[in-house]
């Protein structure tokens, strides 16, 4: 059986971990198979749980989150016959599949959507904890926005520096209000539980918002412009489906293979104008073709668009 | 001596009154027992108090006096026994019930809210209606009446913490009167009072008695018993051992009843043979934290082998004088010990350096200063001297075994009961706590012993012992500076007496050539310095 | 004269309290539709079942011993140090700096240096609140809470801007050199022919923690400083009378407290992670409060309480691992244990006391 | 900084300060009665959870408020049981309650809603709406006072106005009523209250009931503002309220200023996350820590010694 370990945020974080969980559930439902999962409490448990699973013969073992890299490096070597999949990080081992996402590409599209939706030239971003991964989202978003409105302004705020920043919807709401009063019309939330407060406040304040990781359009129908979906669910689903014969190596999930994207559904149909749609499609094509390369913040920890 | 040990029990035989007879006793306790865990504080106690009388209760520390009265006041619940007030059996489940039965109590440690005003304290628990304003207004007028009637004047708007102890006590009495108490219990009321205040209190009590109120008075001072009570009960180890008419007994008899042996009520001492000057104080000033000048230029000296007694009404600078000498208050001026000047400020002015130079100090307040109540006796026995080399095992560790052995010895020597070094200080009675402090300070064999209120709240047996120890130290050629509000004590212990008033020395007297009256006047700042007497 | 024999006070009451806590926890487990007997089995098995599990239990225990001792030292001086969390975090920074910037040849040299680094940084983080309390009367409870927040912001900033490995996703420092690797129980016990799981994170720091507990005992009950700390804690006025300088005691007690918290980093940062991770303390500072209070501020009590919490942490983790019980259930069990052993112990004590008094009376009669 | 920005920052201050204020007043009643309450955080969380849960199920935030208050009250009563009835350690009890709330909200939430401890999102009509005071819209465009009235004074939720009203009310109760006198007395010297014939236990429980109600309101406010419960959403506000309480020297009006100050600092921190001055950029982390740093500075410089109620933290034990 396959197994999956969720990161400290917990499997119901309405975003990253939850997407992974959904992928596993979808697999279980479709194949009738069963799998095991566990949530972390502490950093020291990463290696412990990996081993627990490996020792009990679970295969493949998927872990949601870059923080598992260090633990996986040692464990993978100890269990050469077990296949592992790590999401959001590259671990160089013969029995590991590393799934990384080009979040910047999806965020770029979100930025374009924001640029078209905004009447003025200011949009904003609320991040959760201040870590490079979140800046990667912000940077792509800003680039996309500026590709449409080069003189425009993107306000970037982070909720905090501790893990509590993932679970403070009230503060998320306040940041959103502050951004609104600074002129922002569209806010992109990449902030876990905090993001729920952002989406809520945006709806209350008559702003548009953009969800993250999972499709969050339904959370505030008519107010969520779109969601920058990161198909972690697909990554998990794939890994589970391939089972013990999991293909190892690096697996980049970008626009080209539907790894990231912006969600279009009945909840936001009314918000998507034809021009916006056209611009998004065009950018998608250009990114896939390589004509446009969206800057990856993680590559040099800086962002030309800020 | 006509001891009616059976008095209590005889009273029990009186007809159980369903209809109260006119002259039913104000209070009748029958068979009261109370245990605190394994401690039997009261054993089958019966007592009858007639209306309109003053009834005294005496007994050693820990005999169970406070417990008995607290039961009557509903503070503790008795394990067994019944309470009859004016012939009616009453259930006193809490203080509210006691108050409605007309009982008021002034506890040994006042039950006042320090940062409330007098008025607020008085109405607390006895307010009329949900809003304070009418209650406060009513209390204000009533208080005025009461204080006029009984000479109990206090400023109704003063904060309790700003009042002297004597005034705080008045507030406690006013509280009881405001609640229309006609039975008033006072637990060691004079322990903290100056003689003048105590006299004032007794006048108030006389007044109350004349009004037909019944008063129960717990005290360690036989003089007070003789002076104002009509009957007196003696308690020992939780039992009521005797109840007698005050007129039929003598202090000596009472003391023997209490302690179970003959007690010396006056101090036996040889005349002093003063030697070299140990302590010299010149022009000492002390300003406290609030910026009030407490000591205003004092000159004093104490010789080896003499006891200098300082008397004065509390709050006239004696406390600060001791504190400066003991090293935990800063002052200005000159102090010399054995001819060498002492640092009054800076690094070497703390208690540790004072002790290192041979000054020992028995502080006025054993609970807050002299002892750590939660420390065991042996730990308390080196308190302040814990840096002394003889208590160190090596550079890092203290020699606990040696300290315990030393404590055991001192406790035996000073007759601390029980002589168990491992008991926490708080589980000793007041007198025994005081003996621990004394043992610690005297056994250091200091050149100068500072000693404040050595016998406050201590029973007669212990007082006798403590006084003997002080005299022994003097006879060993040490200098002793004694501060006490007890004129008796000052007069009988001191070789020389200085009176303090308003931060200054009003004058010095020899005990043989003065009396309570003169000292009392000087303490009030009235008498003038008589140049002929004190100069030497 | 005593109401109760010592053993009843020290052993019986905590035992009954823990039992009650587990009983109630069992009800909660039943309420969410699981089998409590199974759960307790899983927890015990998960915490002590094999050397791997024991290794994890002891690893957590080590953290809690350090923070528990830290809180207790301050408590003896009547200072309520809520700041262990932040002090331990800063200790982590100290340890990381020591380990990162010096190419240590051998752990035996690296460890003392790291201990100094952790202790100094932890103490430094306690110093300001201590100084403000002593000199300005600023309430130490607030200032230490504030310093927890400030500390986490500071560590985040330093990690992100100075220590992070460029190009890495995680907010964490580079891995320490091999010379800073602390021997785990596996490595320590192997020479004696004892097989201990090689993956368990428990390491030589555990022994250091026990030493710290012994040191704590001597400090508090055998030295002059400890005597003064306790005296000050019991009564400030009496301490002044005895010539004990309050400012000095407050500052020193807090420095020691901070240093003990900081020392925790040799376990989690140097011993386990071998690099500095963001939020490496993970609430151990707060658990330290419970450990100190439950351990009655005595080293033996603290070690036992730390072990109990280590058990709850590890056993609870296994419980959520194997039984798919939400990991927060462990927090509930912890809460109940703290409640019953810490705050509600009179509930157990009062009837027991009565029982013993009655028994004694019977014996006497 | 223009006028409108200031108004908006102040508006944000009021929103952020409201839960702090209610929680702080809760702590005030409890601690004034001599029961130290570091379990505020837990009560806040428990209330937020139950409020969110009840409001999402019933669709009425008022029922949510009832549930939130009930939850917080239950926690208060456990605290009372431990620290008043059984004379246990108040700090331990508080710590335990904080753990209990953190765990129980998620465990129960998961078993009820299967959303990982979250409650479903609250629709707009299951949240507190903004109250527009009379003439608010009419005055909106009047210069100066228009924005002041429309943005800042008007347009908050019912709970905000209740919180603000709670300040004078608390003051009045504490200083002008019999109950208040007794409550303050029991926090200073319980034996004085006892010997005056008033039940210490009952008074302290009454104080805890008030604390429970106020904390319940604060938790409900959080749940309403964030439109639902998310685990750990109290995010340390209980501790901040405790800090504010000490800051306020246990007095109602000061509590208002203290919580407003904390709210203001946070509002400013939210708005100006990084400030660039020439070549030097003040890091975000610094701005985020600023409220805490300022608290320490103010505490060190201006407040000095705050004297807590004297009997605080110690159970009232008559017989040992």
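As written, the chain order gives the labels A, B, C and D, with residue 1 at the start of each chain.
Definition applied: contacts are C-beta pairs under 8 Å (C-beta built on N, C-alpha and C of every residue); 3 or more make two chains touch, one makes a residue touch a chain.
The shown structure was predicted, so the numbers you read here are calculated from the model rather than taken from an experiment.
K.L.:
Given the two chain pairs B-C and C-D, which is bridged by the higher number of C-beta pairs in contact?
P.N.:
Most contacts of the two pairs: C-D.
K.L.:
Chain B to chain C: how many Å between their CA centres?
P.N.:
Comparing mean C-alpha positions, chain C is 46 Å from chain B.
K.L.:
CA centre of chain C versus CA centre of chain D: separation in Å?
P.N.:
29
K.L.:
How many angstrom lie between the centres of chain A and chain B, each centre taken as the mean Cα position?
P.N.:
Distance between chain centres, rounded to whole Å: 76 Å.
K.L.:
Indicate the whole-number Å distance between the mean C-alpha point of chain B and the mean C-alpha point of chain D.
P.N.:
46
K.L.:
Using the touch rule from the top of the page, what residues of chain B touch 2 or more other chains?
P.N.:
Residue numbers touching two or more other chains: 37.
K.L.:
At least two other chains touched by the same residue of chain D: list those residues.
P.N.:
110, 117, 231, 236, 285, 288
K.L.:
Can you list every residue of chain A that touches 2 or more other chains, as numbers and ranges?
P.N.:
Only 10, 130, 161 qualify.
K.L.:
Provide the full list of chain pairs in touch.
P.N.:
A-C, A-D, B-C, B-D, C-D
K.L.:
For the complex, give me every residue of chain C touching chain B.
P.N.:
1-3, 218, 221-224, 227-228, 230-231, 234-235, 237-238, 240-245, 353, 357, 360
K.L.:
Along chain B, where are the residues that touch chain C in the complex?
P.N.:
Listed in rising order, the residues are 37-39, 326-328, 350-355, 361, 363, 365, 368-375, 379, 383-384, 386-387, 392, 396-398, 400.
K.L.:
Which stretch or stretches of chain D touch chain A in the complex?
P.N.:
Those residues of chain D that touch chain A are 4-5, 8, 12, 15-16, 19, 110, 115-118, 121, 124, 222, 225-228, 230-233, 235-236, 266-267, 270-271, 273, 284-285, 288.
K.L.:
Report the residues of chain C in contact with chain A in the complex, numbered from low to high.
P.N.:
So the residues of chain C in touch with chain A come to 52, 56, 59-60, 152-153, 156-157, 160, 164, 166-171, 175, 199, 201, 268, 272-273, 275, 277-280, 282, 313, 316-317, 320-321, 324, 326-327, 330.
K.L.:
Inside the complex, what are the residues of chain A that reach chain D?
P.N.:
10-14, 18, 130, 157-158, 160-161, 164, 167-175, 177-178, 181-182, 193, 196-197, 200, 203-204, 219
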